[in-house]
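So, here's a batch of structures to check.
Same chain, two partners: chain A is paired with chain B first, then with chain C.
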Partner chain A sequence: MSIHQENTHVSHLTLDAVDSDGAIRESLDAVQGDTRARFLAKAGLFGGGAFGGAALLGLTAEGASAATAKSDVAILNFALTLEYLEAAFYTEAEQMLDSSGELALFNKVVAAHERAHVSALKGVLGRKAVKKPKFNFHGTTESEAKFRATAQVLEDTGVKAYKGQAPLIKSNAILEAALAIHAVEARHASWIRDLNGAPPAPTAFDKPLSKSAVLAAVAKTKFIVSPAKKKTARRRTTGATSPNFTG
Partner chain B sequence: MTDVITVDLVDREGGVREALDEGRGATRAQLFRRAIVGGGTFFAGGMLIGGLPKLALGAPSASQDVEILNFALLLEYLESEFYIEAVSKNTIGGETLAFAKVVRDHENAHVAALKSALGSKARSKPQFDFKDTTSDPDKFRATSIALEDTGVAAYNGQGPRLTKATLAVAATIVSVEARHAAWIRRITGKPGYGGAAANYPAPAVLDPSLTKAQVEDAVGKTGFIKG
Partner chain C sequence: MTVARVGTLVRPGALAAVLGALLGPAAGVPAAHAAAGPFQLSEPGKLSRWAFVERTTVARAEPRRSARAVARLATLTPERTQNLVVPLERVERRGRLWLRVRLPVLPNGTTGWVPREHVGTYHEVRTHLIVDTSKRTARLVRAGRTVFRARVGVGRRRWPTPHGEFFIRNRLRGFQDATYGPLAFGTNARSAVLTDWPGGGFIGLHGTNQPRLIPGRVSHGCIRMRNTDILRLDRKMPIGTPLTVR
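Let's look at the complex of A and B:
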């Protein structure tokens, strides 16, 4: 196949799928509402579940147990939502995509990274962590061309998202963790771009993207088909373990 | 990563330390004049790279920003000169040369942006000696990986020490360094990266950060900075 031809898909992530506009907005509202409600309900933040993720991120008491700013919790949950999406996308592609060679290696390595980012963020957030939304990747995990294009957009967007949030983070420990992830997303972006025949580093300066702009971009993909679940929800979400045959 | 770039190189440890001391000295001296020099010199650079308002306004941590940006400038000088020389020698060839040309332009842009942001507080460019790492393709690639990985770690290490406005600007550079690192790692390692995760374009779940002292030690051991 011609990689270069497939690159024309990269900037057109909007898919002609069932209209699920608003799903990401609902998801965000759930994130914020969830955070807000529990912030008020709990004085003690980052409880017992924090250890694993906090340890992975190198966070000490400052990040994992002190009274973390409400805004930092919101940023972490925003990041977690993006990482849920990436992790589910690559995990589903590991199962669905008939790839080989370096593309398969990229998929495997990045899937593991994104799952680790999810675990780390969930660990840091503890009971404050938003639940995983339900995803539908609309065949992008089954078609090699669509997978390549989607991965490139997801990684570039991830870089922009972390970059946009970094200066807003109050806790130094959380900032260190965000910067550590930010650079890895940039490496992923460079890797898949090179695999796709696109410039790995297209500009001397990478631009940031605001939270609202990121959410708008994600909404256009229609990948999120149900809001992030609040803690009281019992129904298990799918995505990572239940691929959708929608291509 | 340090091991790679020290191989076959004369140890000139101390060169980078002196260079950095010089930079700090200049910064200190210039800080006394800051009230007079004012925000004017910062303004042009601030506009160029997207704004450094707190620095321009002389916020309490502006002096630390200056110190850190001069540290970053030294690293960018080093990278810039490394790629300029490699492209000029024109012996590394093919995809590696194509990489060097693009990255040279990026590092030049980073240097220009930092110099402009620092204005009169910008440190001067030291003399460099890259030996044959700019002509031998294998040594060039190994050195490039080390420089780019170290650049990412250096920026990430300084991130929490910057004012938020300056962090926002530094963040636009660090991810480009990470892209460079992944790119040259892919060129070096493909197709199979020797089966080792450490050779992957993205070798770890989290990118490590280094302190200023750690970066200075690593750069010092290369002997690239003659002072």
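Let's look at the complex of A and C:
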């Protein structure tokens, strides 16, 4: 597929089509949404039970409170959306992929890491955390070749996504926490690259990926289900037709 | 904000690499090992999976495109609800995933292979409905525990309720036919005798306007319950639940 074709294809997609639960939109809205004062007033973001997640990320109360800039919240929610995606992908693969040896170990270890990232980010964000989207991985968690390829892209993208946001983070405490995750994502990327026979550290300098580019790539995968699929399973299987059963 | 807007901000080179790797063949990635054996997807009473039929497809006798066609699977049931299948196992052949699914065709118990991409994401159920036609009982089991029990009416000797492994595929209510009571569940089981019955002779699980006949051999093959029982079952049994009739 040429770059021109690819961009044409992307231009037909809308966020509505891929963002059924509003997770991506919530990430974006958070940039433009609440004022800092309103946000602090209604969220109480890093207080009480939420501090557990902050502690997991190495955030102190003092550091965390400085992280309530709305742009930092947006970045954290953007990160949370990616972590939801990764955690769901590896968790499903744990159940559905018929793997063994080091690939199975990679899946198990990374799944646990990604779930920990979700838990920590949700803890930090508290009520401001975006909702978990519904996913359909289209069989990539069931085929070893597709799992390997997808895992590599997800990890590489994760590394670039965190790097892309790092210069935009206002709070040093949040930056430190983001770097803690970024480093682990980089280890995941090297690990799966090595398993795939790809260079574990392909370049001396890594390039960042903007939020826009990451969101477009996520949209393109169709891993986040569309509004058309939002009808619950119970509704789709319930009818009012008079039965023709044998009686 | 649309992705069209986002797309104008994307650096094409980086995105092309990401998208190419995600959506295209697994270039540069080692191929999966030699075709593994079947991967079991459903075990009634423990964990069973079902999935919507996302596009009209043909179930085949073997997991390959050239294999004999066994049945056509539509996206809708005869009752106009979304059709679904219960996959029993999965194999990968030449990079393509195939599922062996239970089919709504005669002879009962027929299975066939469909491409994985023709059905949707999996839904999980941990319930199992067991109907005993000699004892005239229905029992719903969840996690090894019986959570529902009722006496039932089953088919007369000339129109027997078919025995075997089936699944619940839809739920009908709000219809204007008291014969079926307030609610009916559809299954993929079919009468082997009443093959010219309107709609194909599918076996249902439903209420009744003649509760005094239950329990007994009273039906044309369907499984009847008292109305209070079918409504109680509705609160406990999700769609996709495996059904064993013995």
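Here, the second predicted complex is superposed on the first by the 176 of 247 C-alpha atoms of A that agree within 3 Å, B and C clash if a C-alpha of one lies under 4 Å from a C-alpha of the other, contacts with A are read in each partner's own complex, and residues count from 1 in each chain.
The working rule: a residue touches a chain if its C-beta (ideal position, glycine included) is under 8 Å from a C-beta of that chain, and two chains touch if they have at least 3 such contacts.
Since the model is a prediction, treat every value here as computed from it, not as a measurement.
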Chain B or chain C, by number of chain A residues touched: C
Which of chain B and chain C A:A198 touches, first, second, both or neither: second
First (chain B), second (chain C), both or neither touched by A:K207: both
Partner chain in contact with A:H138 - chain B first, chain C second, else both or neither: second
Interface residues of chain A shared between complexes with chain B and chain C: 207
Parts of chain A lying in touch with chain C, wherever the complex brings them together: 1, 3, 6-7, 10-15, 18, 25, 28, 96, 98, 135-139, 142-146, 148-150, 152-153, 156-157, 160, 196-198, 207, 209-210, 212-213, 215-217, 219-221, 225, 229, 233-234, 236-247
Touching residues (chain side chain C, partner chain A) in the complex: 1-4, 6-7, 9-16, 18-24, 26-33, 36, 39, 52, 78-82, 84, 90, 92, 95, 97, 116-117, 120-123, 155, 159, 169-177, 179-180, 184, 186, 191, 194, 197-204, 206, 219-222, 238-239
Chain B - residues contacting chain A, complex: 49-50, 102-103, 105-106, 109-110, 113, 152, 156, 159-160, 164-165, 167-168, 171-183, 186, 190-191, 193, 197, 200-202, 204-209
Touch list for chain A against partner chain B, complex: 56-58, 101-102, 105, 109-110, 112-113, 116-117, 120, 159, 163, 166-168, 172, 175-177, 179-191, 194, 199-201, 203-208
